[in-house]
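Chain nomenclature is as follows: A, B, C and D, assigned in order of appearance, with residue numbering initiated at 1 for each chain independently.
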């Protein structure tokens, strides 16, 4: 726990210093707001339509593939730490684990779902 | 030192809040957010019992890892369904999705 | 205890003595000293960051046959300080309809996600923030906060371009995180630990010689993770103007900018630590802690320079090419390399060092060669298909 | 009260507040960001419990991947992104009652159990939980089957989810 206290302190200081810099700027800077200045930037013309536009589903599909791979790769870390003292059997298990994972990627690839249409 | 009960009560509270979200929100994504909270409450319990039992018995942590995998699978399929439903019905309000009424 | 070996411990003991003399409780004295140490490190990082602004501007101008900043101070060294004063007194606008709380939080989080990385960096054998036994994953976790700050900035600005830039940037960062994680597994396998200090200590032979391909893939993934050219689709100036930080001005923009530079430098140092022995250089680190820090900073600057070199040499890659390059080439190669490394590691566990090193090196070269041949084959086929389609079109 | 108790109470209070905001905020993006706050709090709880590996995995998996997936999903279903009428359904009072009942039930159940006020033994300093976990996950006597099945489960989820989400034209 004690080492995590230092990590917590690091988070705290890491928050305080940038916030302090922005706070200093807030104290020093001029403030002359006007409606045109605060308009959203869009190539020199007024914003057309809602800013929160809808997105391609491809972004979601890539995020999905990422999520699955992320979880599985994280699972491999304890395996990798212990690998030196486990012998061939554990290595084979890890390789099977990775191969199952690759099969999922191969499926998405074959079905053309990794294309950016 | 922190007694075990604090963790258990914390986890029970988190679970109840998640349950409240699941039962009352109308939006499908918000319901899934509630489910995430409930899964996290379970994980807190598992890890707390690992710490307060025999530390060398790693079962609590191994279970928590499996819960992570289940949560990831649940979210990916759940949100994919939400997106698919949105594409067909143009809404993700749970009350209005009644294709399976008959 | 020798001052050259462990300066921080001596300073801490001295401070502890003073605080104890004032009647401060032991626990609080320790927390206070830890706080001061962290504050010192982060303040130092900010100074390095200011220096990096100068280095970056000077190097890019040299790459482009210009001179760069040369008016303010010798070699333009005072230029970044002038920049800071300008950022401080610049008016700061918040776009209409922005989500103010998230809009203001994003730049702070962006900078924080970089600063907290240094909690696990071993600067010298005795100078180390926190020796977490999961240090490698901590790096990825801090990167997750950075990703979050980008999507926060993109969404809260109430601007199409910023949201589009954030989406692209996040898609790229997420995708390239997989090869990066996988390549971090390889030093973990060699060292038998996820702790950064343990990985440094285990490098009697630099891991670069055990896994050159891993080092290269890690660098590519790191550049993508930084969102720098050629992977800077998220802030493509000519299309999205500036990507997720378009609506930011003044010090808030400064935080994004400084965070990006420091992030690049940080990944240069992680590259050095994971694959080039960190602060170790032929026993120099045992002489003095200060020498060890100098060695690490030197290696980190070389890594940073390579990242800059790539940035100012290559053109921007289209987002679909980028994602396909990652998912269809880099990720399978990374996993193949991981499997080969794990297998060879078990096979050669009992063999002498020279055999182990050469076996690992050769298997890396083999994996690289096979994957490049396969990629070339696929590229030829793709090109043939495109050319056939073009000639068919022309005939019609 | 000792220092770790104070730290725990602060973290728990922040986490529960964030969790409560998740279920009550009308703006879905805000709710997703509040969820991230709650998940961070749970990660801090794991760190207090000496489960370093799980604390970091919590941040990497939940904050780095699951939360981003939620945000992407919200933006893909944009029509319902901002407050639109009631966020709670008609039976929200019943839901609130039921969840309060669950909490009260768990609370009294816990009070009746005598193992609940147990305090932990000091954490053995030479114990490497990550290595132990690695050993257990690939040991045939322990969790090798769940380990491989988790991989199959995730691949099944990947295939299914990509198939469902993909826009079949």
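Rule of thumb we're sticking to: a residue touches a chain if its C-beta (ideal position, glycine included) is under 8 Å from a C-beta of that chain, and two chains touch if they have at least 3 such contacts.
What you are looking at is a predicted structure, and each value in this text was computed from that prediction instead of being measured.
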item	value
Most centrally placed chain, judged by C-alpha centres	A
Pair joined by the larger number of C-beta contacts - A-D, A-B	A-D
Centre distance in Å when subunit A and subunit D are each reduced to the mean of their C-alpha atoms	18
Whole-Å gap between the CA centroids of subunit A and subunit B	21
Chain centre separation (subunit B, subunit C; CA means) in Å	33
Chain centre separation in whole Å, for subunit D relative to subunit B (CA means)	6
Subunit A residues counted as touching two or more neighbouring chains	4-5, 7, 52-53, 55, 57, 59-60, 63-68, 70-71, 74-75, 77, 80-83, 94, 101
Two or more partner chains touched - positions in subunit C	132, 134, 137, 155, 163, 167, 174, 177, 194
Overlap residues in subunit D, where contacts from two or more other chains coincide	4, 48, 50, 52-53, 57, 60-61, 64-66, 68-69, 72-73, 75-76, 123, 128, 130, 133, 137, 150, 154, 157-158, 161-162, 165, 167
Chains that touch, pairwise	A-B, A-C, A-D, B-D, C-D
Subunit D residues within the subunit A interface of the complex	4, 7, 44, 47-48, 50, 52-53, 55, 57, 60-61, 64-66, 68-69, 72-73, 75-76, 78, 81, 123, 128, 130-131, 133-135, 137-138, 144, 147-148, 150-152, 154-155, 157-159, 161-163, 165-167
Residue numbers on subunit C that touch subunit A, as the complex places them	31, 34-35, 38-39, 42-43, 46, 87-97, 104, 107-108, 111-112, 115-116, 118-119, 129-132, 134, 136-137, 155, 157-161, 163-164, 167, 171, 174-175, 177-178, 181-182, 185, 188-189, 192-194, 241, 246-247, 250-252, 254-255, 319-320, 323-324, 327-328, 331-332, 335, 338-339, 342-343, 345-347, 349
In the complex with subunit B, residue positions of subunit A that touch it	57, 60, 64, 67-68, 70-71, 74-75
Residues of subunit B touching subunit D in the complex	1-10, 12-21, 23-27, 29-30, 32-34, 36-37, 40, 43-44, 47-48, 50-52, 55-56, 58-59, 61-62, 64-66, 68-77, 79-84, 86-87, 90-95
Interfacial residue positions of subunit C with respect to subunit D in the complex	27, 99, 102, 132-134, 137-138, 140-141, 143-145, 147-148, 151-152, 155, 163, 167, 170, 174, 177, 194
